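Labels run A, B and C following the written order; every chain starts at residue 1.
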Amino acid sequence: MNHTKHFVEDQLEILTENARKGKISRRTFAQLGAALLGTTVLARGTPALADDGQLVFVSWGGDAVDAYDEAYGQPFEAENGIRVRQDGSGPTEGAIKAQFESGNPTWDIVDADAFSAEALGKQGMIEPIDYDVVDKSKMRDGFGWEYSASSYFFSYIIAYDATKFGDNPPTSMADFFDVETFPGKRAMYKWGAGMWEALLMGDGVAQEDLYPLDIERAHNKLKDFKMHVISFWGNGAESQTLMLDGEASMALIWSTRARLLEQDTDGEVNFIWQDGILSPGAMAVLKGNPGGAEAAMKFIASAQEPERQRVMFDMLYQGPANPETDDLIPEDERRYNPVAAGNFEKQVPLDVAWYEENYGAALDAYLGIVSS
Amino acid sequence: MISSRPRRLTVILTVLIAIFMLMPLLAVVPVSFTPKRFLSVPTGELSLRHYRTLIEDREWIEGIWLSLRIGVLSAAFSTALATFFSLGIWMFRPRFAGVLMGLALLPMVAPPVVSALTLYFFLITLSNFNGIVAYDTMFGVALAHSVMIVPFAVVLVSVSLAQVDRRMDLAARAMGAGLGTRIFKVILPNIKFGVIAAFLLTFVLSWEEIAVTIFITSVDAVTLPRLMWQGLRDNIDPAIAAISVVLILIVIVVVVGKTVVQKLMKKRRAAPHG
Amino acid sequence: MARRFRPMILLAPLLAFLSLAYVLPFAGVVGWSVTLPEPGLQNYKAALADPLVLSVFWRTLRICVIVTLISVAMAYFLALLWVRGSPLVRMLTELCILIPFWISVLTRAFGWLALLSNRGILNKWLEAAGLLDDPLRLVRNEFGVTVGMIHFMVPFAVFPLASAMRMVDERVLMAARGMGAGRARVFLQVFVPMTAAGILGAILLVFVFAIGFFITPAILGGGRSVMVAELIYLRIFQSPDWGLAAAISVILMLAVSALLSLLLKQIRPGAEK
């Protein structure tokens, strides 16, 4: 009796050892292990063990999952034989932290906010970007950081109801806060980012004087204005509904949705770039990621290809991180590109360093006002 | 007497409640026929594209199938555990019953987000030892769901037990019935409805569970709610409206069918020679 | 001797399962409240001094109490019809309970939006009927949150109530009637007390469930009605401060347990009336 038990344990140990060393694949390991334990194979493997030839890319879900797969995942697999699997869980700062703290991260690359990645990187949870593999010259100036590489751009911009303001559209952030000239309800972003800048511009602060943000002044403005806000949206779908249903006459929304809204409403919803807040999206690699830092860095480098970034523009209207991509976008589509010449200059780039320092406390105070 | 025919006032109130319960669901029906790619009430033409998605897109079918299996597994497991536990408390009235009960209800009282983190760490630990009951596997999710839903089963079974006449069990014991006989022949038949209700309720809780699920799954164990919620930040797929309509139809068919069958059976029994 | 251990046969499986799979790792999470970022009680002090935390607790309590009372009352009516109505009534009630039960909370929240928003079905009808000039604000505020939550909770509350009602001994009611008690009196003084365990069970389920809710509030509250579960989400995921999140959770759980221990004493099987 005891003998068999020991035998099984022993066999399992050998299997585990081999799987760790990569001698047998994860799948085989699970099958053999299950066979030894006398159970059928239903599992798909232990995530704790790196599967050679797989990377898990974590994004925010929805249409992005298919887009990332098509633009970056499939070409990367074709080149390197490494499969890139898409997980749409949403890599919030806390979720990345939990992945690291568990001691066995299952994620490889995350589509995160640059300021989250920097903050986590300083706590040793993110692998520094290897700029020998990732090419800094394929990024816009100032958008490659220690722990994350910019991979796209999106802006917080003003979308407006063209059926109401078609003849006299808003031209600046001041107009967003002017409910006399532009009547109707407004919608703003619930998690604060970009909103402090908007509030300050609405209060008369010039673009170049925004940083460091005067949070108190922004919040005073919010206190006065929030009665005009019908909803503080927490996700893109919600912001879209507010404009589609005509519940808000103006909204600060992500530029990635602006094109879709314009299309879905046959131009009844329009938008402007003036005083938009331009934010970078970034890729970062978890410390101790199952697929190995080397493969992950290679993936990030592969996502710098202009042709691939163009697919992301076509599918999700992400502004390309690599300036070379701009030229691949046809003339008539360029007005949807947040970083295209002519659009870029009208906006304020979000200050990643400021957010890294102050986001938590500022968000706390912001929500306090929103919810009171 | 009173209650075999509930009074008129009750009926009127209940009709109002019924409208309240069904209205938002009826509002979903037209949405499922929208020709657009986002949730909207169609204004002109109608389309079946979102129903086609359900049938053609393997993701949805697999998600539904996975959620069904996880629901049955975790509901059966947690209802069984909860039934024995509640019986133990009721029959033996152990010391510290209150503390034990509190322990059993803990996952219900704790904020779901905290439970998500807790179960994530637990499943990652399990993943180090095996690949079956682990992070991002069917059995792993079933285990986590069992933890989350077992308190609800405990409450339901305990409510039923509180109504059972204790003298029945005392009589059985006095006549020398063993523990098994007392449970299976005497008590369980009396709390049958409570146990079935517990199973149904826990199944639905598992079927709906997202707060914990989204955190303990990644690319392999993609349940139906996970598929639905993935679009939340970006674009909610109107396929979820189509799924809802299909589910509404299934419930109607089952409930009406059940009533008709019961009626036929009654008639047959009433007839002289069956 | 052996007899003393017999209860353990029944109690042990659940206790062993929960201890291993939940209580142990949970204790670790709770521990953060006194260890992160450094040992001490600073997280509790910070949580109790934070006006946001206090206002969120107060809102959560207010909404949950209202939701619990209304949904349990509604569920009581439905359960009554379900258990004691004629076959046709029974079937219709069953539909009202089971249809919403199976539909995702996400879909239901959007159903409410379609119905109640400023440009929603209800406001359009009322305007067309000439009853309104300005739309009623029914969602994207606390009212909308309350409505959505009640709708979600009613089917859950029905089950314990129906379980209890099914076990009411018909003969007791007949005896009461036989002694000349009026219908209303029999209902209120005999029937309702006999279903007390079900009522308490339903209150417990709904209240505790409601406390942990945040999807419905997030969608129907217009971003304003932040409830405690969302606050904890914020502290764990959005701008992580795990020590503070753990402290808020512990305070919440203590408050909820204190409220419920009173109820629990009543429904704990074995507590004889």
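In the analysis below, a contact is a pair of C-beta atoms (placed from the backbone, for glycine too) under 8 Å apart; a residue touches a chain by one contact, two chains touch by 3 or more.
Keep in mind the model is a prediction, meaning the values are calculated, not measured.
In terms of which chains touch, the assembly is arranged so that all chains touch all other chains. Highest C-beta contact pair count among chain pairs: B-C. For this pair, subunit A with subunit C, the centres built from the Cα atoms lie 34 Å apart.
Centroids built from CA atoms put subunit C at 15 Å from subunit B. Annotation for subunit A: residues touching 2 or more other chains are 95, 241. Across the assembly, subunit B contributes 39, 117, 121, 229, 232, 236 as residues in contact with two or more other chains.
Residues of subunit C in contact with two or more other chains: 236-237. In the complex of the two chains, the subunit B residues touching subunit A come out as 36-40, 117, 120-121, 124, 127-128, 130-132, 134-139, 214-215, 217-221, 229-236. Residues of subunit C touching subunit B in their complex: 6-11, 13-15, 17-19, 21-26, 28-29, 74, 77-78, 80-81, 84-108, 110-112, 114-115, 121, 151, 154, 156, 159-160, 162-164, 166-168, 173-174, 177, 183, 186-187, 191, 194, 197-198, 200-201, 204-205, 208-209, 211-212, 215, 228-229, 232-233, 236-237, 245-246, 249, 252-253, 256-257, 260-261, 264-265, 267-272. Note for the complex: subunit C touches subunit A at residues 50-52, 55-56, 59, 113, 117-119, 140, 218-219, 222-226, 234, 236-242. On the side of subunit B, the complex with subunit C involves touching residues 1-7, 10-11, 13-14, 17-18, 20-28, 31, 39, 41, 81-82, 84-94, 97-98, 100-115, 117-119, 121-122, 125, 143-144, 146-147, 150, 152, 154-156, 158-164, 166, 179, 190-191, 193-194, 197-198, 200-201, 204, 207-208, 210-211, 225, 228-229, 232, 236, 240-241, 243-244, 247-248, 251-252, 255-256, 259, 262-263. The touching residues of subunit A, counted against subunit C in their complex, run 92-95, 97, 190-191, 230-234, 238, 241, 245-247, 359-360, 363-364, 367-368, 370-372.
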